[in-house]
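One chain, chain A, links the two complexes that follow: it is found with chain B in the first and with chain C in the second.
And then the complex of A and B:
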């Protein structure tokens, strides 16, 4: 046993080392970027939380088209609480998350009567209704123009330390901290009994039911947890950008989330994160540098189609695939004799 | 009373082109099991056929409409061959791929015609008065064309050998292919008809709506509502639901406003999904 024990220890140490390196790289990152790239980095961090929370929902096998609207519920709630009720901003963000979770809990009654394609369309309809309500009712939602001049995250001012969150670098670290904690929680949930039950519902819902799992309650639970974190992402967004409007949470934006998740692959925790990071870098940095702004949707569309056709398990499957290819190459001399071309 | 009657006439016009779009979408779903998210963009493409051939190149309006039907139908065949056929066992993949295709179509039209509204002059100035309500001939033309096309489709599906093969595939693809029906051929045909109907709807209404490259969004939302209410996979249901939806939407728009009408439409769909998840006329759920 001691051998296995040290092996595990080494592996765990290597994993920790990698995590430390990752955080070091993330901490150094904003200083290597231009101002506008720093702003993109902030939004990217927020989108990582959005797409990771979306993945939790897809664990149970349901694909929603309302996730961005749920994010909007968090954004609108937090903005309104801060603007009109004077709630301090960090608290208002949490309440925004809670509101998003509550909305999800309420929506689960009609939506989880449906499955698959019907759930997809049902979630789309529910989301559109919420979005149109924001658009229609100027008081308090601001109508089509939305809410402007949302209170920013309060500056930290102590004697020797002063942090102004208007600076993208500082907001980047704030978002990074919030998102890291959230991802850790999401990860733990997936590895817990609850997470295993989600998987069971996805692959064998009849079997799970027959051994006494209340699939409706677990689906709702996944939906509520995912929505809470989407709401937090919305709060982070609202107090960074300072403005929200109904168009920002339209189905076009949802398409992007879907693309990130699909292109990255939803089988593993890091898949969607990989998807959003790679596509954002391609989108914001490579395409912008090439001056292909108008062609961007076209290239996005092509990537999407090619990914679905040729990389159905997402970018995450690329690593293992290449490794397998590499190993086959190295084993080729031995295999070549057996298989005549 | 006049306003009521006028609104009913307007609703009839809306119902006729919505029925064309929804029937095409249902047909594609029926045979391939794929929800074509790019259906609204196929409508848009049809409208731009008229923008190009009729408004810019001065071909006759009818010819431009016919070209819209055929061209968009061919685009449908391309979609079938490149995306839906390889993804036959993966309905979600087909849906996602069609989202990608939608982005491509939008961008191509922006490249060709710009983002701004395309202006299409009316092809006829005439109007008819029916009991005090005014119906322009442009709209009348859409209504007549929709009725003729849907009748032709109905006859084709019920009478011809191809139509029977198509319905067989929609009922049970595996059993159909065991009878010697070619799935690929049938899917190609369904895609041509489904896309062509969306294209012709766009072409017919182009002078009435001032098309933009982004017009497909509201079209696909409407089409989803209609096919859900009508029951996914039921052609008759799609037609009836189109009429129902058009009347509800037009009346609420006239007496309240457009956004409220959209909310009512979506709520109607949600209510149908809750009470009868297979739609008012849908018989079964496709796995």
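And then the complex of A and C:
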């Protein structure tokens, strides 16, 4: 059918154009920012990966309170391998991700015997056990003070090219590349049969089981994949900041991840990304620029309340709502099914 | 449009309007917070990189408030004379939320965008995020926590508070004045602030012949229910309850629990921030005799010869007038006293450049510490002589008011008992060469 085919081609071209424009904007972004804002951008990009990986886990219907600790597993592993075993940093980051995934695989045995609220509490307890291990064993984890002077990502020095990854603009591009590839993989997983199975487990786990889906295996798979990318985010963080400690991966930090996901919305791939970007920009750039350092928790809380009251489906629902409003104003029938569930 | 929906719309509009107005008011209020002292003409900017919000804010925000007063007073007198030119001082604050990554961002902002000449920090968990920047930029930093010191960081000073070493003075005074108290228990949050302090108290108790009834009890910083912690501590009916260097958010509930569980013995603690509020939650009788290390600056003992802090009683009165007496905390005066040192050194050096100020500060191996002339010291404990150590006050709550009982010499204690300190610091992995 030529008409549908042409429409599909146009949609695909438009989608690619949007992607090109997005990458162009992301490439230009650091040059529009101040030095300290570039630092914030680096951490923001890392948090985008953290919250996006978290969403993959939520696809199966389970919300964890241990995801930041899993990020910490990646951070500690990568830091220790680089610092004490001399493993090259890029490889140690990957191994950090692998260790995070392995830890998740182990934890899945007790955790996926629980569901819903019990899983939430169980994941919190598991995370606390890991954090206590970091605190208890000064050797090798550094105890409460954690690890510092972690090897940075190695500089690139060739005859014509010199890249110092201490500079936030350079690390931004490194993190952006790693996170882009990771998001692409996460996106492809969600759109694959595996991703559809995750959705099926979320909405109808008994039905899925009745047609032969091994829900334990798929839940474990989602947990392991999400943890791998959280571990990669941890590695990116550790080798940038140069220090990790158990407090950095506490439940307080996990609350931020939950808030980003909830305010952004988890129905679409871009929802949590929107959440972390908007809230970070407001909290770290706008409110600081206004000199509201000490009032930030108050205003942040106010924003959260407003978001929950007026955007219960998250920021991701704002676009479809505005589009529907625009169409109503123009007297057009609103497109059905655009609003995220 | 129905009347109901119209009303709803108007109500929302009103609501949004009110919100916007509140936001504008907050903006106007907040504009004064991060740049706290504006000045005309020649101005030197000083960075204040500490937690201003969150659970550790009690050791950041009151310090910034104290600096406000310091800057107003100094600027009113014409500023700091450096190389024959008077400079006003402007503080630029950055809330690091006690997070290493945010401290890194704050440090780069203060150095590269605000052009500060000196940065004061609380230190602790936040210092490792800043360490590399300090080394690369050659910026002069100060910390309140000398456990941050190491031979790698030559531009980091601990010029005011030699935490936790001064805690030995409180235990020494206690042992001399209440020799019948022979057993102690201790708790601390399990973090970088709690552990070195525990090692110090263990050394001080051992030196004083006070026996620990049990191993120190470390609780997680996320703890909110202190009833079981206190129950366990009081199980052996100890003579002394030591609260180590707990944050204000822990000292208050711990005292409440001790009160509710009927404890009547001696309490010793590094800090008792906002102690009036603890008295309100317990009783003046319960808090009578509570020993800690941070005086109210209206204490007449601070007017004695040898105390270098300028006009301490007036400083306290001004602080109480601006923020309320109950807002006075351990750090309210500390950052201001560091500024006294910095201003003296900059005047001597004739330059505000970090390297010149550092050299002038340490020129003769001594410095004018708030509580008297002190030595630059620390090689044996920190690997570098970048801590200013001298006398420290022992404070006791009497009749509901903090009262200085004595000034004791930290170096004198160290000379007699340094082996004990090194033993306990080593056992808890807190020596400079054992860290991370």
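Methods note: the second predicted complex is superposed on the first by the 331 of 341 C-alpha atoms of A that agree within 3 Å, B and C clash if a C-alpha of one lies under 4 Å from a C-alpha of the other, contacts with A are read in each partner's own complex, and residues count from 1 in each chain.
To be clear about the criterion, a residue touches a chain if its C-beta (ideal position, glycine included) is under 8 Å from a C-beta of that chain, and two chains touch if they have at least 3 such contacts.
Remember, it's a predicted structure, so these values are computed and weren't measured experimentally.
Per the definitions stated earlier, placing chain B and chain C onto a shared chain A by superposition produces a clash between them. In the superposition on chain A, no contact is made by A:6 with either chain B or chain C.
Legend: residue contacts after superposition of the two complexes on their common chain; A:297 is shown touching both chain B and chain C. Once chain A of one complex is fitted onto chain A of the other, the partner contacts of A:192 are absent, as it touches neither chain B nor chain C. Of the two partner chains, neither chain B nor chain C is touched by A:204.
By the touch criterion defined above, A:84 lies against neither chain B nor chain C after alignment on the C-alpha atoms of chain A. Of the two partner chains, neither chain B nor chain C is touched by A:327.
Once the two complexes are laid over each other on the shared chain, residue contacts for A:135 go to chain B and to chain C alike.
Once the two complexes are overlaid on chain A, the chain A residues touched by chain B in the first and by chain C in the second are 128, 132, 135, 251-252, 294-298, 302.
Interface residues of chain A facing chain B in the complex, by the touch rule stated above, are 63, 110, 113-114, 117-118, 120-122, 124-126, 128-129, 132-133, 135-136, 251-252, 255, 258-259, 262, 294-298, 300-305, 308-309, 312.
Chain B contributes residues 35, 82-83, 86-87, 90-93, 95-97, 99-104, 106-108, 110-111, 217, 221, 224-225, 228, 232, 257, 259-260, 262-263, 266-267, 269-270, 273-274, 277, 285-286 to its touches with chain A in the complex. Chain C meets chain A in the complex at residues 19, 23, 26-27, 29-35, 52-54, 61, 93-95, 98-101, 104-106, 108-109, 112-113, 125, 128-129, 131-132, 136, 152, 190-192, 194-195, 220-222, 429, 434-436. By the touch criterion stated above, chain A contacts chain C in their complex at residues 34-36, 39-40, 43, 128, 132, 135, 138-139, 142-149, 152, 166, 168, 237, 240-243, 245, 247-248, 250-252, 284, 288, 290-299, 302, 306.
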